[in-house]
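So, here's a batch of structures to check.
Look for subunit A in each of the two complexes below; its partner is subunit B in the first and subunit C in the second.
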Partner chain A sequence: MSMLEIWLGILQGFRVTALVTLYGLVFAIPFGLIFGVAQYLTTGPARFVVTSVIEFWRSSAVIILLFVFYYALPLAGLALSAMTVSAMVLGLNIGGYASQAVRAGLQALDRGQKEAGHALGLSRATILLRIELPQALVAMSPTFINQLIQLVKATSLVSLVTLTDMTFRAKEISQIEYDPVPIYSSLLLAYFIVCYPVALFGRWVERRINPAREARRAV
Partner chain B sequence: MQFDVAFALSTVPTILGAIGMTLLVAAVSCVGASAIGFGLELIRRSGGLGGLFVRFLIDFIRATPVLVWLYCLYFILPFYGIRLGALATGMIGLSLYYSGYLAEVFKAGIDAIPNGQAEAARALGIGRMDITIFVIAPQMLRNIAAPMGNYFVSILKATPYLAVLAVPEMLGRAFDIASETYRYAEPLTVAGLIFLGLALLISHAIKRLEIRLLGPTAR
Partner chain C sequence: MTQTDDKPAVQITSLNKWYGAFHVLKEVNLTIPSGSRFVICGPSGSGKSTLIRCLNGLEAYQQGTVTLGTIRLGDNARETALARRQTGMVFQSFNLFPHLTVLSNCTLALRRVPSMPRKEAESLARHFLEKVRIPEQADKYPAQLSGGQQQRVAIARALCMNPRLMLFDEPTSALDPEMVKEVLDVMTGLAHDGMTMICVTHEMGFAREVADQVVFMDQGSIVEQASPSAFFATPNHPRARSFLNTLLH
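Showing the complex of A and B:
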């Protein structure tokens, strides 16, 4: 099998890899935002509930979560497609990590920001949406970009629940023709080509938003 | 079909029986990843062609999925006549993969040590090797206890990937039960809960250790 055929074969799986990533973000972004903010704002029992939900999605092994939801949801009467289950599990797992970045970003802000808002008579919601969140999200954007890379890489797991992503296609091709060296090294390279530009973009963003820190590191 | 709690409970002893294998894989991989990661970071710091290569290798590892690395090692090594078995291949795979992440942690830890430490040691006539081991490494470890612990938990959560290579750790055992009984939801849920408990327990232990190392003012 020629190198070109291998690459074309793997490329056929790119659509599913991209779709799972995209749908995963549909779950990850709202979950990360809402639960990160909720953990920041709540106290007492409410905070315990919020933290428990986050910890469930964040601290579980994602490969097991995927299998559990894939096999257990139908028993609960929820027959979702493999695509939906994958996007939900991978998305909420990354969303759990993202929520911690959102909360940490909010906590790291100077208290004066909130107090100045109060002094101006702004409502708590306005302070959060117009003052705190914009600063926190910008400050944490390199972390979010890192988590996007984690999500893309985690999509390789969907090959285990019958979705024909790049990893699934590579396994298929190597079953047709036993030639593992070019097939699997091409697969590694394919993920690298997708993820590395995103990583470089993340570094560029980090330099842009924090030139002072970068300068200190260079000294 | 309904979720059968009694059946789920009956699978607990079998799955829990494989916890030793899970912990063994995790422990060996943590040690391996730390050792390789520290070596990689030392080569990267020494500059030159080797440093450039290692810098690229670390970026490459971080932009590719661990599952694909495991497939690569599992299928490509035997092709060149290297037969290690699934368990050894899996542990080497996890060690190599996470060494890329730990190298970054070590980098941050070493960068945070003032230059004067190494300079003073050199002025005292201490050899390069001794400076690295007795001056740099201990201070570095104190700096990075928290992120290092987080990656150890990540390694623990990555051990079920080895089930894909048919290593009899907890997820592998759960799948054995599933294929014998045609009931997937119960054993997988049990494995998931045990992993969640284990991950939470170990993160908690690491947090305690961190407080002991750095004092109660630690983040």
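Showing the complex of A and C:
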């Protein structure tokens, strides 16, 4: 089997890798935002509940969650598709990490920002949406890009719950060809080719938001 | 807030505040008539910043009342918010929003609180930027300005809300000496326009020139209140005397 054939074979799994990543983001972004903000704003028992949910998703091993949700839940009468389980588990796991970046970004802001908003008569919601979150999200954007790259790479686990992603295809080809070195080297390179543009995109985002970042440094 | 001339702009009665066991404000009573300029001074830790922050609800207090015009703070959340909106505040560290341009810093609250259309908000903001003498900086970000310019933007931002009362919490303490004057000039201009102002400051020249009354605080209490001429000529309280001596020499 030529290198080109190996490449084309792996490429057949690209669509699933991309889909799991995108659907994963559909879970990760709202979860990270909502739970990060909730952890920032709540106190007492409410904060305990929020933190527990975050810790469940953040501190569990993804591969075990995949098995539990895909193979065990049907026994309890709840059968989700492999794609749904994969997107949810990977997305909420990364979302758990992202929630901590959101919270830390909000907590790191100068207290004077919130006070200036209050002094102008702005509502708490407006202060959060127009003053605190824009600054916190910008400050944390390198972390979010990191987490996006981690999500892309973590999708290689979904081959364990029957999805035909790039890793699954590489395993299939390898089982037919008995020639793992070029196949897995190609797979390695394939993930790099997917992830590197994400890193470049991250750098571009950072450059674009430069004025606000410089402002942060000076104030 | 319907503010008539007989109602003082600010009425503080028996105000007490503790940080844990530390009694930071002790039985503070102060009446600030509409249209007057009060300067609050005193050594660091005397409670002057805490006092001024109580006046727009940035600090909670345990005892006493603060009445702004006809609104008693804390009685009713909606009225308290209204009183706050009619009170402008300028901070020592400017607290401009670094992710917004100078113009957007000024229009953010206008677009939200009275939901003013963008054009109208921007022209109002430009009017006040002109008033603080930096109309040409409208499209820059705060970090691109000097400290004095940033503080003038902060003043313009507060003025946009058409406040009845302006609070200044050490507005020049974070500035390089040569920038202090440009900020004080703007504040003096405001005073001449008849704005009710309460300034926590160590700028005794400003106090002498602009203030109607100087309030001296020490260890959480008001120990002396007098006209600037009386205060600077013959301070009664020994603590005020020693404070003035260290400040003027």
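Just so it is clear, the second predicted complex is superposed on the first by the 200 of 219 C-alpha atoms of A that agree within 3 Å, B and C clash if a C-alpha of one lies under 4 Å from a C-alpha of the other, contacts with A are read in each partner's own complex, and residues count from 1 in each chain.
Just so it is clear, contacts are C-beta pairs under 8 Å (C-beta built on N, C-alpha and C of every residue); 3 or more make two chains touch, one makes a residue touch a chain.
Predicted model, so just to flag it, every value in this text is computed and none were measured.
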Of the two partners subunit B and subunit C, more of subunit A gets touched by chain B
Who does A:Glu115 touch here: subunit B (first), subunit C (second), both, or neither?
second
Looking at A:Ser174, would you say it contacts subunit B, subunit C, both, or neither? Reply first, second, both or neither.
first
A:Ser185 contacts which: subunit B (first), subunit C (second), both, neither?
first
State whether A:Gln135 touches subunit B only (first), subunit C only (second), both chains, or neither.
second
Touching A:Tyr71 in the superposition: subunit B (first), subunit C (second), both, neither?
first
Per the contact definition in the header, classify A:Ala79: touching subunit B only (first), subunit C only (second), both, or neither.
neither
Check whether A:Thr126 is in contact with subunit B, with subunit C, with both or with neither, and answer first, second, both or neither.
second
Touched partner set for A:Ala199, first subunit B, second subunit C, both or neither
first
Quick check on my understanding: which residues of subunit A belong to both its subunit B contact set and its subunit C contact set?
217
Which of the residues in subunit A end up touching subunit C in this complex?
110, 112-113, 115-116, 118-123, 126, 130-131, 134-135, 138, 211-212, 214-219
Which residues, counting only subunit B, touch subunit A once they are in their complex?
1-3, 59-60, 62-69, 71-72, 75-76, 79, 111, 153, 157-161, 163-164, 171, 178, 184-185, 188-189, 191-192, 195-196, 199-200, 203
Subunit B partner contacts - residues on subunit A that touch it in the complex:
55-56, 59-65, 67-68, 71-72, 75-76, 149, 153-157, 159-160, 167, 170-171, 174, 180-181, 184-185, 187-188, 191-192, 195-196, 199, 217
Residue ranges of subunit C in contact with subunit A within the complex
56-58, 81, 84-85, 87-89, 91, 93-99, 108-109, 112-113, 141-144, 150, 154, 157-158, 161
